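Next, two complexes with chain A in common: one pairs it with chain B, the other with chain C.
Up next is the complex of A and B:
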C-alpha cells in the first residue's frame, strides 16, 4: 500500500504543482515584500507621527484602505471560484494569491490598529478578520496534508463503491433474513434501517461510533436464543457474516468521512466569519466616518 | 360461486420503466399474509412477521383482516389488529413497506400488492459535512446580518431614540476619553453633533468658549454633567487672521494630507485637530511619567509656531508681528514703557536695545536704596525686624510676590515706602500725628493751606515718630510751597512742576507688566523663586541691574540674551539649562502667558472639586 502511495506521490510531484508553490512561490514573495515594506514604513513613520499610532493617522488610513481593499478582494474568491478560466489568472493563481496576501493581512491590519484594541466594533472587525485568517491557515494545512491521508485510506476504492458495498450488503442482509422470526428480523432491520453512516461533525471527527446500529445489531444477534430450524440457523450464520462485512465497510467509509470532515471543517468558520467580517468592516468604516 | 382473492403483484423495475405485474388467484374464503413462503400473500419485508395476518370474506362485499402473530397492521393509515373492510370503498391495508389495495371483483376481491420503495441509498455527498441549520450559508447570512443590524443600523438610526436607556453608538468609540471628558463617554452626540461631519469647533466651544460666551459655556458644561469646570479657551488670534496666516505644511506629505483633509471636510485647523480624544495617552515629549496628561485630551502639534511665524507678512499684510523662525532669531524684547504719567498714562512698547527711559512721574534711585551702607541702610536697620526691615534693603523689601508667586504685587506707597517716607505734617490736639492724604493732590493742597513753615526749607528726612511737626506753624514761609519744593515731603519722590503758585504733579504710573506678550514665572527657583536652583540659576540682580540704576526712568528688564544663558542650552553647558520651546513663554491660546509645563498640575483647571468625588465613586 505504502509502495503504491509513494509512487503516486512521485508522479504527482512531476506533473502537478499545487497552489502553494504556484509559479515558484511568486505570491509568497509578493506578500513577504509587502509585509517588509509596510513594517519598515510603519516603524520609520510612526515615530514621527504627531499622534500615537492609530487608524486615523495618514498612515493608518493608508493601511486601512489597503487592508479593506484586500479583504474585499479576498472575499471575491467565493465568486471567482465559480468561474473557470486558465492561464495567469487561473483559479490556481488566484488561490495562491488569496492564501499569501490573506496571510499578509495579519501584518497590514495589525499595523492599521496601531496596537490599540478595545471592546468596540473596530476590534470586533479585527478579531473576525483574524478568525477568518486562522481558519484559512487551517484550511491550507488541511489541503496540503489531508488528501494524502484520504488516498491512503481508500486505496483504489471510490466513495460510490463504498456506498454501493454497504447498499449491497444491506440487500443481502434483507434477503438472508427472510426465513428469520420476528426477533431476529428486528435485529436485522436495526442494522439495515438504523445504521447512520456519517452522523454529526463531532462523531465524524472523533470517529466515535460506539452506538452504531450495525454494531448493536451484531451484539444482539449473538445473544439471540438458538434458532428453531436448520434453515433459520443457516440464515443466522449468514446474517452474522454479512453484518461483520458491513462493519468493515462502514469503518472504511467512516474513516474517509472523518478525514473529509477535517478537510471541510475550516470552511464552516472561514465562510460565515468572512460574511460577519464584511458586515463588521462596513460598520467599522461607516462608524468611523459617521462619528468623524 | 366460490369467492377468491385475485392478487395483482406489482413490482417496480430497479432501473425504471414499466413495472412487472404478476397475477394469481387464491381460492377463498381465507388467505394467509406473511413473510414465510407458505403464505398465500408473501411479503418479503423483515417488518412483516413470518405469519402476520389472514384475510377472509365476511359476505356482502366485506372482508375481515386479522392478525395472526399479534403484530398490528394498518388499514387506511390506522393501526389495528382486526378490521372488517368494505370492498366497495377501496380500502388499503399496510404491512411493513407493502400496500394491499382492495377492490370488489365479480367473484370476490382484487388485491393489488405494491411495495413502497424505501429509497434510503445515501448519495456520495454524505461524505461531506452537511448541516441543516448551521450550514455555511445560513451561518454566514445570520452572522453578517446580525452584525450589520446591531453594530451599524441600530447605532446609526436608533441612537437618538434609545439614548436615555442604552447607548448603542458607544460600541463605535475607538478608545477611552480623557478623564476630563470621561463624563461624555455615553453621550457621543455631545461632540459628534452631525453624522458624517468631523467634530466642529462649535461643539468644543459650547463648553470651552471664553470671553462673552464664558457664562454660557459654564452653564452648558454643568448641564452636560461635567464634574469639572471647563477650561475656557480663546482663539490664538482672530479666526480670519489665523486662516490667512497659516501656511500649508512644509513637507509634500503634509501638504497633500492637509489639502485632502480640507477637501473631504476634515480640516486640520479645528480644535479636534490638535486635541485628540479616543486614543491612548502616549508619551508627551518632555513630560514626566507621573504627569497626569491623560486628564486632558491628547495634544498633537499640527502646525508648529515657526511655520506661521516665518514670513508672516507675506500672508498677512496687516500684521505687526516680527517673524520668529527660531529661537536664535527671536526679536529683541520690546518693553511696555510709560511715556507719560498722569491720570491717563500712555504706554509704548520700545525695544530694550534702544535703552528706553520711562516717564513715570516717580523719582526713585534704586542704587541709593540698595546701597549696603549709608543712610537708607542705616534707617532700615534702625527700623528693625519688627517692621520688616533690620538690614540693608533688598529687592523683596519693596517688591512683594503676588499670590501665585509668578509676578509681583503693585508697589504701594504707604506699605512699601511709608516706613521711611513720612507723610506726617503736624501733631493733632490728641497728640496723634496728622498725615497728608497720599494720592489726592487737591486734599493735600487744602490741608496745607494757611500753614507756615517755622524752620528752614530742606530739613532732614523725617520718619514717623521722629517727625518734627513743629516744622509747620501759622507763620513763616508757605508750608504748601515748601512741601512741593526741594526738601519737601512730596518733592522727594514726585516729579513736580510749578505754574506760578500752582503745583503741577502727575500721579505716578508704574508699568505692572513690561513684557505683556509672554509669560515669565518668577516662582521658578532658577528665576530667583523659592527653592533650590540648579547651578547657573539667577538671582534678582543677575537680570535687573537695579544696584547701578540712579534713575527711576531706567527700564530694568533684561534682554533675551539673559534668558538664552539657560534656555536653548544643554545641561552639559549649564546645569540650569532648559528648553527654548515657544510655548515655554507663549501659551497658544493665551500668547501673553506661559504654557503650564507638563509637570505642572493640569487639573488646576479642572475645578468644581466638590463634584470630583462623584467621579470616583
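Up next is the complex of A and C:
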C-alpha cells in the first residue's frame, strides 16, 4: 500500500502490547537470565566456601547489595507513576521490568539469606519482602483477568452517568410519591434518604449490601396493605417499578465499584508492606554493620 | 417626505456602532438602525459574565467608542455611554427588510414603521442571521422564544424545546441539569434521528430520556400553540399536552439572501464567500458599504476600526491610512529592498499568479494573515515529512523540489509566480518533498485558512490551485522520473469527483478500468467473501486505487468506497496505459505495488478460510473504527479494554502536563470488541474546529497535532464545530502545591485534575478573573517523550495510532 512518507514524530509508543508482553517479554528474559546466572554462581561457588554463603560471604554481599538496590528501585515506581515529566519514559516499560525483576528477587534474596532463618530483624525483612512479592503477583493476576469484567460490566456507561441515573430515579421517586399516604411515603423516604451507594472499602470488596435501604424499602412497600384509592394504587405501582429500576442501577454501580476494589485490594498489602519493608531493610543493614 | 440622511447605518454591532459614533462626532447627518431593543445584539447574547477579548493585541483601536478586554456587561455599559455621549441618532426595533433606490437616494424599508431615506448605506448586520421562526398557529404568543440565556431562570415549568440540533439539545439538557428546578422538559424533533447534532450531545440526551428525566418526541411537529398548552402532530396522531414555555431552536437563516436582494454580489456561490468590496468597503452596489463580520472581519477591534474608516471614506477622505498599516510595516520590515507597504502589496499581487485577482483591500487583509520571507540559495523552505498545511507563492526567484529522497541532487524547478505546498493544503498530510530556494527568492506563505478563503473568494485562484494540485499530485504519487510533459495527456481527461461517505468509486465485479487518486479524505477496500463484505485495507489521501483492473484488464476484484467525505481524481485508463508503455520504470513500479496489494488480499482470503472468525473480527473492528470517524483522523487515542485497569493515570498525566486540566475523558466514548475510543481529539485531517475561529487560533503543529494557540478569544465556535465533542471551554485551575508536599503532608489535591470544589476555593483565594478558553488535546506538543497519556499508562492499554497503521493486516495475526 502506498503511503505518503514515514514518520518524523517524536518518540511514540505505538506498539499495541500489554505490560506483560512488553518488547516481546524482554524483561522476563533479563530476569530469567539473571536468576540462572545467580543460581549457577551460587552452587558453583558454594562448594568452595568455608561457611555457607550467607550474607557474610563475598557472594552474600554481592547478592545483598543487588537485592537492596532492586528493592529501592522497585519502590520508586510509586513516584514514577505520579511525576509526569516530559522525558522519554514509559510507565508500561517500568511496570514490565518491575514485575519480572521483582519476581527475580525471590531467587536473589533467598540465596542471599543462605537459607538461614530465625526470629530476627533479618528474617522479618525477608518475610516482608515475600509479602510484597506475593501481593504483587496477586496484582498481576488481577490486572490480567479483571479488566474484561470491569468493562463488560459498564458497557458504555460512565461512572458519572451511573450516579446521575440514581439521582434522577430519586427525583422521580419523590415526584411519584406525592399522592401516597404517610406510611407509603415513609418507605419512599427510606429509599431516597438512607440508601448508601458504596460504603467502606470492605463493603465494596465483598459486595455485602444485604442491609441496603432501597432493598428494605422495596420489601416493605410490597408488604403494605392495598391502597385506598385508584390514584394511590397507580402511584404505588409506579413507585415500585422505580425502586426496582433503582435496585438495578445500584447493583450495576456497586458491581463496578466491587471490581475496582478488587483491582486495588492487593495494593493495600503491596504499598504498606513496601514501606514496612523499606524500614526493615534499613534496620537490617544498620544492624548488620553495627554488629560487625 | 422624511429626512434624507447622508448615511444610514444598519446594525449596531461593534462595526455599525463605531461607524455611527464617528458620523455623530463628525456632525454627519446619520441614523443607526437596530433590529432589537438594545445595542450590539451579538455581544448582548454572549453568555453572562463572559470575558471578551481584545485581539489582535498589536492592532491599535481607532474609534470613538472605547474597547478593551473585560466582562461582557462592562463593555456593553461602556458602549451605551459612548453612543449617548457622541450623540448618535439611534432607532431601536428597526429591522430592515428591503433596500431600494440608488446612491444618493436609497429607501430603506423596515418591518415596522416609516421607510427611511439615505444617500449612503453602511451594512453592518453581522453574520448571525435570523433564527428560523415557528409557523403554526399561535407562533406569535409571548411564551414562544428563540433563545435561552440562563437555563437556571426557570422553575416548576412545563417547557418544550423544539429542534434536535445541538442548540436545542444543549438548551434542553441545561433545563434539566438541576433536578431541583423541577422543570418538566420535552424535546420535539422533526426527524427520527439527530443527524446534525454531535454524538456526545445525542448520547447525553438519550441517556437522560432513558433515565426518565426528559421526554423526547421524534417525528413530531408543533401544530397549535395555546396559552399553557401545545398540540403536536405525532406519527400516532395529534396529542395536546401542558406547555408553559416554548424554546424554538430551529437554526438560523444566513443573511446572504437579504444582502443579495439589495443588489450586492458575493465573490462566489461558496457558502463561505463574502461580498465583493472595493478598498473603501463599497460593495458592487454603489453607495452601499459593507463592514464588520459580514465583510469577513470577525474580530471586534477590526469591526470598530472599519466603522471609523468607512465614515471617513464616505465623507470623502480617501487618503486615510489604514489602521493596520503599522502591522504590515513591521511584517515587511525584514525583507530586502526598501519598498513601501503599498509597493510590496502591488509587487506580490502582480507577481504571484493566484493573487492577481485580489483588490488592494483584500491584499491587505490577506497579508495580515500571511508571511513574506526571503530565502538565500539553498535555504530549505520546508523539509520532507514535515507537517504543514500552508501554501507558498513565489514572488521572486525560484525553488527546487527534491523529488527523490535518496538523492537530493535530483530536483524539479518551480519558477516565479507559481505556487507550492498545495498538496498539504488540500489533504492536510505531511509534506511529500523537501523544497529549497534555487536562487535568492522571496516567497509568501499563506496559512491554510487564508488560502481556503482566497480560493472561495477568487474563482481564478481556485482554478489555478486545482490545476496545479492535480498535476503535482500525479507526479508525486507515481514518481518514477515523470515530468509534467509526460502526464499532460492523462491530465487532459482527468476529472475531480466529490464522494459522499459510504459511496463506492469502484464496485466489485464491475467492468471498468479507470484509476483513482485520493486527493482528500480516505477510502476503504472491501471484498465479498462468503457472502459477507470483508474489510481488506484502508487507503489514505495521497494514494491511488483501481490499478489492478487497469493493468490486468479484468473486472474489479474489490469494492472501494469513501470512509468519509472525500475528493478523488479520476484518471481514465487508456491514456494511462499509453503512459505506462512509454515509461517502463513507472510500469514496473505500479506492477510491484499491485503485487504487494494482491498478496495482502490473498493473505486475508486464505486466513478467512482457516480462521473465519479472526477475519470477521478484523473486518468488524475496522468498520467500527471507520464509523467512529477514524477515517478522518490522523492520530487517535485508543484504549484496549482487556488491558485497562481503570486507574485513570492517563487522565491524571494529561492534566498534570497541561495546566491541570485533562483533555481526555477515558470512560466516555464508544467501545467495540475491547477497543474503546475515548473522548479525545483525533487531530482530523481537515479539522472541523478550524472552520470558524475568529482569531484563527487553531493551527496544525509540526507533529501533525491540531492545537489552539494563545490568541483564542473563548467564543466557543470550535466547541460547537467539533463533531466528536472533545473541546471544552474552561479556565486553568490555580497552581497546586508541589507533588512532594502532597506525598509527604497530603497538601493540595494530589496528581491529576483537581476537583471542582478545590478549584473554586483556591481560585477565590487567588482572586483575579480569567477567561474561559477553548482547551483540547495538543498531543503533548513540544514534549520530547510524546503524548503523556500513553507514557503514563501502566499496562499498555492506551495507545495512539494513525488509522493507516492501525487498520493493517497485522491485526489479523494479532487476533489469531
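Please note the rule applied: the second predicted complex is superposed on the first by the 266 of 292 C-alpha atoms of A that agree within 3 Å, B and C clash if a C-alpha of one lies under 4 Å from a C-alpha of the other, contacts with A are read in each partner's own complex, and residues count from 1 in each chain.
Going forward, a contact is a pair of C-beta atoms (placed from the backbone, for glycine too) under 8 Å apart; a residue touches a chain by one contact, two chains touch by 3 or more.
Worth saying up front: this structure is predicted, and the values here are computed from it rather than measured.
Asker: Taking the superposition on A as described, I'd like to know which of chain B and chain C A:260 touches: first, second, both or neither.
Answerer: Once the two structures are laid over each other on A, A:260 reaches both partners.
Asker: Scan A:89 for contacts with chain B and chain C and give back first, second, both or neither.
Answerer: The answer is second: A:89 touches chain C but not chain B.
Asker: Return first, second, both or neither, reflecting whether A:67 touches chain B, chain C, both chains, or no partner chain.
Answerer: After superposing on A, A:67 lies clear of both chain B and chain C.
Asker: Applying the document's definition of touch, where does A:135 land relative to chain B and chain C: first, second, both, or neither?
Answerer: In the superposition, A:135 touches no partner, neither chain B nor chain C.
Asker: What is the contact status of A:81 with respect to chain B (first) and chain C (second): first, second, both, or neither?
Answerer: second
Asker: By the touch definition at the top of the document, which applies to A:122: first (chain B), second (chain C), both, or neither?
Answerer: Touch partner of A:122: chain B, not chain C.
Asker: I'd like to know which partner A:167 touches here: chain B for first, chain C for second, both or neither.
Answerer: Both partners.
Asker: Just chain B (first), just chain C (second), both, or neither: which does A:151 touch?
Answerer: second
Asker: Pick one for A:159: touches chain B only (first), chain C only (second), both, or neither.
Answerer: After superposing on A, A:159 lies in contact with both chain B and chain C.
Asker: Touching chain B and also chain C: which chain A residues?
Answerer: Touching chain B in the first complex and chain C in the second, residues 159-160, 167, 260 of chain A appear in both lists.
Asker: So in the complex, which bits of chain A are touching chain C?
Answerer: The touching residues are 1-19, 22, 79, 81-92, 94-95, 142-143, 146-148, 150-151, 154-156, 158-161, 164-165, 167-169, 171-172, 260, 263.
Asker: Touching chain B in the complex: which residues of chain A?
Answerer: Chain A residues touching chain B: 50-52, 54-56, 58, 116, 118-122, 124, 159-160, 163, 167, 174, 177-182, 185-186, 188-189, 192-193, 197-198, 201, 204, 253, 256-257, 260-261, 264-265, 267-268, 271-276, 278-280, 282-283, 286-292.
Asker: Over in the complex, which chain B residues touch chain A? Could you list them?
Answerer: 35-36, 44, 46-47, 49-50, 69, 71, 120-124, 126-129, 131, 134, 136-137, 139-148, 151-152, 155-156, 169, 171-176, 188, 192, 195-199, 253, 257, 266, 276, 279-282, 298, 300-302
Asker: Spell out the residues on chain C that touch chain A in their complex, using ranges where they run on.
Answerer: Result: residues 179, 207-208, 211-213, 384-387, 429-432, 477, 537, 539-544, 593, 596-597, 600, 640-646, 649, 652-653, 656-657, 665, 667-671, 674, 676, 702-704, 739, 743, 751, 780, 782-788, 790-797, 799-801, 804-805, 814 of chain C touch chain A.
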